[in-house]
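The data blocks that follow each hold one structure.
After this come two complexes, each holding chain A, first together with chain B and then together with chain C.
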Partner chain A sequence: MDSQSYMPVPPGIGMEENFFSLDDILLSHERLPCRTESAFPRLGFLEKSSETRDIPEGTKMEMPLWLAKGLYERKRRVLSLELPKVYREGWRTVFGADPTVVDLHKMGPYYYGLGSQMLHFDSPENPEIANTILQTFIGRFRRTMDSSQNAYNEDTSALVERLDCLERSLFKAGQSGLNSFQLVLAACSCVKCGSADENDLIRDFGMEVIDMSLWDGHIDLVISLQPQLSWLGRSIEPIFRPRLKRTDTTRRHTRQKMSDYSSLTDKCVQADEKKTSINIESSDLFSSVPAIMEG
Partner chain B sequence: MDPAEVEFLAEKEMVKIIPNFSLDKIYLIGGDLGPFNPGLPVEVPVWLALNLKQRQKCRIVPLEWMDIDRLEEIREQERKLDAFTPIPSPYYMELTKLLLNHAADNIPKADEIRTLVKDIWDTRVAKLRLSADSFISQQEAHAQLDNLTLMEINTTRSFLLDSLNYMYKLRSNLQPGRSQDY
Partner chain C sequence: MFCEKAVELIRELHRMGDGQLPAFNEDSIRQVLEEMKALYEQNQSDVNEAKTEGKSELIPTIKFRHSCLLRNQRCISAYLYDRLLRIRALRWEYGSVLPTTIRFHMCAEEMEWFNQYKKSLATYMRSIGGEEGLDITQDMKPPKSLYIEVRCLKDHGEFEIDDGTVILLKKNSQHFLPRWKCEQLIRQGVLEHVIS
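Up next, the complex of A and B:
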């Protein structure tokens, strides 16, 4: 459905990395603490704190993952790697106790990816690390699912900030599914121009419908106020008109509210003609619009 | 799959209308649509019914399951059972939305019907999420859910598949040294 000129390559499976995946490339830039097992002649410039020309044996330094992976060899002891603290015993028990409270973004935004890569380095704790990562994912899955499927057109930054990158892509998938469903659900026909749905309105008028949800059989329409307010009156009227099916008792009430509402739209039209902007009190708009629906 | 595509598929369902014009039998690729005589009910697909309704050439007869008592019964049953109850039409959500948006004047008590259908939908989607969650947390390999409709599956499809993929990735870490099949 999205036509892109660039198809993003997803991150690799488990312990393998995809060469072209941007996520994996960024992941491999994470620095890991390590200890050199042999001397590196004339590479003193790699380590900022030393002034010597060579890196002597046994230096503790930080290396990015891509370099560490390349230099690591089981037989010829060039490098020995220490696990970052998130994967060690202490944090593993924290994850075992309750995975949902941890701020995974702070712990290194690529917790799952980096954890999978650490398994290359033959530490004796490998099975426990792998298990912890899996259990953490399963524990946090529920919360990610609930938050992504229920936050429609809200500011999601508070929900997303404690998620790792892998979980963020999941969250995005959930959100896009929810958004497309709600868009289809809220599509309505415009009596004037045949059948126009919400997509047409957004395209033609730049209107952003924040929330068009059904609540107790009424429709609450909250519209974001864009600079060009004149189309606001003109465009939402045809949406409302088909919905105005009223019983006798409420007809009078509705007529009253309709006059409020039409004065509002008149203001909009006048403002447009005079090319001025108008201040609509949010109470004006929000009081008259939902009231019509209750009528 | 796009929800718009699901809606497109839903428009193939048949609904009864009462036209106010007359036309001979028309022969379409999908099938024949019987002769239209004013005042006599005829079965047509929803897409045609909506088009005629918008041009004010017909009156739509409400579907037999779009009735308050029936929907209330279904809703109560849905709330009682843990499994999904069979519902009258595999496209109930889209048909409700389409018919109530365009032909609300032909359907009695449209607002209550909309609320009831939304309640049923919410209950079913909540059950779906619960079973997806237990599927992932118990790392089962196989699950069977009966009586789900396409729209419900569609809303959850991308999220569930992605998370199952990630879980597979993380699980493959547990068996080191497994060669990848290419």
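Up next, the complex of A and C:
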């Protein structure tokens, strides 16, 4: 089944979880070592090691994150949490040295997610933890993005092996953008070489380019800059709209638009073949490219 | 630990990341609801005890059970919601009539929801695009495949495509080849695009 129509709730950003997100629910199921600072009467049966009716104060046990979040209180001492290894001083220096070599999938598949959630627990190391997570992400992002934009139609398992879940979803987004863009390029080249004409394009795509204002003839594509492709692919998709029932006026309108479109696609394909880069006239398409990419 | 059954439901859905709809797990939901009922009743009695006898040390336990109740609620809500998202996607993938295998995976309420969704979508489609309406669930993708059916018009010998396979182009043979590879040959008149 083509998964394009299924849009699950994505995980939350930063310290917030999305209530309905399956990823966030699984993330918050991770267990953390902790120490109870007050007693929990009548819950002794949960702690298999103790035979008592209650969980006494000072018990060391493992709690899932959701429970720790629910019980934690800043003022009263109910629970104290230990930081998992990966977020402690030792590992933080490793990440500081070179974030790209670490196997984040092994270090708990939800490195960024869990790290962000740990910030809820008011540890004195919070600023350092937050900073490390951020710098690790920045350090690894470029590589993830590059690999997702350059792996077309090949086995990507080696590339995603060492990525954590957030990076994997970014990788997947990049790949789907790349694939969409390749489909558009293939369609453009059909129009160019004449193996399909404009009518074919309309029939095959079943679409009509309605809003050509973006493609004024001033927009040239910087095809040589691979990272922009996925952004471009995602920008192109909304431009295509479903076919409208044609009246005479719309038919004329369409023909004019389609010939504008053909000349534009000519340029695209030429630029692609020569691997030239041309000046960007419109910054709208690329305004969403994050500053991270500069570095 | 509580709420393990509830997370199992979530894992079941998470395993099918591509949007397939698994069978409605009525059993698990029933068990989770029973666990919630038990937790709630225990908490009720403890709250009464804490109020009447002033046993404030029960409060951490009450909070504990309350967190478990919230967690179960979250899991079940997310399970049902995600299933609805998948069912909605089914309308776009399969059309108005669903294959029977999939229909068996839906519970009665989900079937009802699907019918209502179909109705809303149909009403919307009728209202746009002029008199006859517009079926926006058609033609959602660019050319269905990058491969086309071609027939060879003259003998051309061997032809290599990207993944290394070599095709022998003999007169009147038909092949299924990548579009961009055939373009030039089509222009030369060696191949002919077969529109079936």
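In the analysis below, the second predicted complex is superposed on the first by the 177 of 295 C-alpha atoms of A that agree within 3 Å, B and C clash if a C-alpha of one lies under 4 Å from a C-alpha of the other, contacts with A are read in each partner's own complex, and residues count from 1 in each chain.
Criterion: contacts are C-beta pairs under 8 Å (C-beta built on N, C-alpha and C of every residue); 3 or more make two chains touch, one makes a residue touch a chain.
Everything numeric here is computed off the predicted structure, so don't read it as measured data.
**Q** After lining up the shared chain so the two structures overlap, which partner does A:105 touch, if you call chain B first and chain C second: first, second, both or neither?
**A** Neither: A:105 stays clear of chain B and chain C.
**Q** Kindly classify A:20 by the partners it touches after superposition: chain B alone (first), chain C alone (second), both, or neither?
**A** second
**Q** On the A-aligned overlay, A:40 touches which partner chain: chain B = first, chain C = second, or both, or neither?
**A** After superposing on A, A:40 lies in contact with chain C but is clear of chain B.
**Q** Look at A:29 in the shared chain and tell me whether it touches chain B only, chain C only, both, or neither; answer first, second, both or neither.
**A** Touch partner of A:29: chain C, not chain B.
**Q** Looking at the overlay, does A:7 come into contact with chain B only (first), chain C only (second), both, or neither?
**A** Only chain C; A:7 stays clear of chain B.
**Q** For A:143, select first, second, both or neither according to whether it touches chain B, chain C, the two together, or no partner.
**A** neither
**Q** Is A:162 touching the first partner chain B, the second partner chain C, both, or neither of them?
**A** neither
**Q** Looking at the overlay, what does A:66 touch: chain B (first), chain C (second), both, or neither?
**A** second
**Q** Touching chain B and also chain C: which chain A residues?
**A** The answer is residues 1, 183-184, 187, 189, 194-195, 242-243, 245 of chain A.
**Q** Which part of chain A faces chain B closely enough to touch in the complex?
**A** So the residues of chain A in touch with chain B come to 1, 12-16, 112, 115-116, 119, 126-127, 130-131, 133-134, 137-139, 141-142, 144-146, 148-149, 166, 169-170, 173-174, 176-178, 180-181, 183-185, 187-189, 194-195, 214, 216-218, 242-243, 245.
**Q** Residue numbers of chain B touching chain A in their complex, please.
**A** Of all residues in chain B, those touching chain A are 2-4, 6-7, 54, 93, 97, 101-102, 104-105, 110-112, 114-115, 118, 129, 132-133, 136-137, 139, 151, 154-159, 162-163, 166-174, 176, 180.
**Q** Can you check the complex and tell me which residues of chain A touch chain C?
**A** 1-9, 19-23, 25-26, 29, 38-43, 46, 64, 66-67, 70-71, 78, 183-184, 186-187, 189-190, 193-195, 204-207, 240, 242-245, 247
**Q** Touching residues of chain C toward chain A in the complex: what are they?
**A** Touching chain A from chain C are residues 1-3, 7, 10-11, 13-14, 17-20, 46, 57-58, 60-61, 63-64, 66-68, 70-71, 74-75, 77-78, 81-82, 85-86, 88-89, 92-93, 129-130, 132, 134, 136, 138-144, 146, 179-180, 182-184, 186-187, 193.
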